[in-house]
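For reference, the structures are reproduced in the following blocks.
In the two complexes below, chain A is the common chain; its partner is chain B in one and chain C in the other.
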Partner chain A sequence: MQLTTVLLGWRAYQRRGGPKSIRLSLRGCTNRPFFHIVIAPTPAGRDKEVMEQVGTYDPMPNDFNEKLVSLNYERLKYWLAVGATPTKHVAQLLGLAGFLPLHPMSPIRAQRNRRKAEEAAQKAAQEGEESNTEGV
Partner chain B sequence: MFPRLQGILCRLGPVQSPGTPAAAPVVLQFVRGRKKRGMPRAPSKANYVRKPTPIDPEEHAFLNTAYQHYKTEVRAVKTLFLEEYRARKRQEEGADTAMREQQEDEEHFRLIELNRAENERMHQERLVREQKQALERVQADLELSIEKEQKEQEMLERMNELVRQEKEASKRFITMDNIEEAIEAALSDPKNYNFAVDKNGNIVQKTPFAG
Partner chain C sequence: RSSTHFWQSKMAASRTILSGCRRCVRSWLDSRRLSPVGYRPGVRLCSSSSDSSPPTPTTPPDFFHPAVQSILVQITGVDVERVFHHVKSKVDPPTYKLMTDEQLKKAYEETVQRAGERLQMPPVLAERAPIDPTPIAENPELDQLDTAKFVFTDISQDIPDRERFIVVRDLNGVLRRATWEERDRLLQLYFPKEGRRIRPPPLFRDDHINVVLEADRHEDLLDLCCIQFEPDSADFIRVHHRVYEDIFKEKKYGLLRSTRHFGGLAWYMTRNGKIDDLLVDMLQLDLADDAVQLVRLFCMLHPNSQSAAQIVQNNLQGLDVVKTFAECDAVKGGVVELAIQAYQAAQTGTEQADTS
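Showing the complex of A and B:
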């Protein structure tokens, strides 16, 4: 079970007026990361002083090679209207979900991953050939 | 200049550094700490120049325009959300105000009525109670006055009794008139107190009267 710090008294009053972020807060345990998509005051620590949870993101792919994301669109609308800023990663997730426009980094990342995969495949093929020739 | 010594008193795990004997109770570690901000760069790093992060020119060009478009679109989306929220708020408030006022009025009058009824009931109870208390008070006063009179009467009687006793006793007083007779009577009637009394009350006279 994760413990959260509760905003009480003067601290809560101070945090009320400040800038807010929509960002990932790391939960889960050792060797098993899990993120909550969360509204929090920007200067607070990653896992501290959460105002509201607005979704989840599981970075470990499941049996069907999917990374699952859940989002509360109603509350997200409210917080974006009030002026909360999503971080780069969250913005990319929202773009892929279709809630916000597609983030410019998404196609760039996809391209980079594709290039890396191709290079890895080529390298593996070359090594395979070399080992075959060595055997012969 | 001199490295700080930090001692660890308790060693629970196995020995990490090869030089320390297994049975040592304290393990000393030389701790350098953080450099002071006024101190100069180390000589090995004095001429160090950082290589800037490699930027792919195609990606960079693409991202420049893409980010501008993206920001514009996101700004528009946020404004849309804000407008929706404001419209919803306005609608909710408009519909609710009249209904809410009516409900509040009803509640108010109902409570006022309740309060009035309660006050009336308590007032009646109080009247009854106060009448009863007044009667009781009158009764108590009466009883007290009766007792007081009785006490006064008793006091008077006791005083009268005392006076009467004194008057009776004064008849046997020895005054200057009676003194001669009293002396003669006393002398002529000797009393002998030299007797003993046993358990049954019998007087035993053994010693005779002397003089």
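Showing the complex of A and C:
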């Protein structure tokens, strides 16, 4: 056996006891992101040493303006019970799904978006007034 | 046999109780409580199929009633040439078998049985009620979180399609159940069925259906409809009714005879009292038994009609049944009576030809 194979096998054996994360692993291709929701050891790389896939998340909306998320609730319940921790983004998705309570950042993000939209609307209204007065 | 079963169940009970394992006893008690008496496993299409009691005079029978099904199967007929017609597929070199007469007969009977399985009727169900639109959760603080909705599908293994959770988080923060159209689309996306498309093809739009029906491709259209839509969806029922109405208008009953859709056609016609042309068609093809069965089906579905009362009163058999129907409840009674007379004349003519 090659040295690298032996090392990778030993690492995989060591990882079994460590902390696990439920997080997004980036797939897809250039200009087309697509995420798998995976269980992986926390110190591993983003796409490396995936133990199990428990869902998908498509960040690009489809023709019906939907972002599709699939979740294997059965396996998620098992991993959460064994002590896997979801990352911020996955926790927000699970909160939006109603599976976990709402993440505190979700309403904060919504509020920030609303404030930005209000400011943009006010600015557009102001510029509209200025252009009217200029004409006169 | 009943005594050995009695002792076996007693021994099973004592084994679980003596083992002392609470889980064993609990699961055994649950299985005894939950399983119905005389349970026989099998495929059940819907809950009403288990009800085989004879219909009372006030309630007409359901599509799945055994008496109705037997009539529809008989009317459909089995034309082996039609059921196993040539289909474009990969061609293998033909195989030849040397058979005795008995073996040939047995092979033919097996073919007829296989044809019967292929002629299994798609179910006729009422249109599905819309999914409860009341929100599961309302979170107005999530308004404008994103510019797109989120749709969450449960991809756990081994859950029936109807019970799978599919929820939508709208732009205003409301969490609701997905509508039937969204459900169909997403279930096809994550658990694809062969031949079904994620979005229904434009073939099923009303203006495009005309083109298909003019080309006499009713059977192909209904096959595609059965693949694409669920039996209780609005589109399934709309396409089927459209095809049946076209057949009724153009009198093209031969197109669906000996296909799996003929039962549904006969059921629709009988429920709406449009069976006169079908009876004439059957008599012209010398299918007198089928005509009699069709009128009996009419009487089962309309038990308060005059012909039903007369047939039951006088206990009529054979073509008298059809004659009574032609007099009492037929819209084009004259045409049906003419067809009966023509059939009887043809019968006596063939008898004379046989005897002479």
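We adopt the following convention: the second predicted complex is superposed on the first by the 126 of 136 C-alpha atoms of A that agree within 3 Å, B and C clash if a C-alpha of one lies under 4 Å from a C-alpha of the other, contacts with A are read in each partner's own complex, and residues count from 1 in each chain.
Rule of thumb we're sticking to: a residue touches a chain if its C-beta (ideal position, glycine included) is under 8 Å from a C-beta of that chain, and two chains touch if they have at least 3 such contacts.
Nothing here was measured: the structure is a model prediction, and the numbers come from that model.
Colleague: Determine, for the superposed arrangement built on chain A, whether chain B and chain C clash or fit.
Modeller: fit
Colleague: Thinking of the overlay built on chain A, is A:Leu26 touched by chain B (first), by chain C (second), by both, or by neither?
Modeller: neither
Colleague: Looking only at chain A, is it chain B or chain C that touches more of its residues?
Modeller: C
Colleague: Is A:Pro104 touching anything from chain B or chain C once the two structures are fitted on A? First, second, both or neither.
Modeller: first
Colleague: Looking at A:Ala125 after the superposition, I want to know if it touches chain B, chain C, both of them or none. Which is it: first, second, both, neither?
Modeller: neither
Colleague: For A:Ala81, using the defined touch cut-off, is the partner it touches chain B, chain C, both, or neither? Pick first, second, both or neither.
Modeller: The answer is first: A:Ala81 touches chain B but not chain C.
Colleague: Note down the smallest distance between any C-alpha of chain B and any C-alpha of chain C in the overlay, whole angstrom.
Modeller: Between chain B and chain C, the shortest C-alpha distance works out to 6 Å.
Colleague: Once the complexes are superposed, what residues of chain A are shared between the chain B interface and the chain C interface?
Modeller: 102
Colleague: Under the stated contact criterion, what part of chain A meets chain B in this complex?
Modeller: Within the complex, chain A contacts chain B at residues 77-78, 80-83, 100-105, 108.
Colleague: Quick one: in the complex, what on chain C touches chain A?
Modeller: Contact set of chain C toward chain A: 136-137, 139, 141-157, 165, 167-169, 173, 175, 186, 189-190.
Colleague: Considering only the defined contacts, which chain A positions touch chain C in the complex?
Modeller: Spelled out, the residues of chain A in touch with chain C are 55, 61, 65-75, 93, 96-99, 102, 106-107, 109-111, 113-114, 117.
Colleague: Going by the contact rule at the top, pick out the chain B residues touching chain A in the complex.
Modeller: Where chain B meets chain A, its residues are 59, 62-63, 66-67, 70, 73-74, 77-78, 81-82, 84-85.
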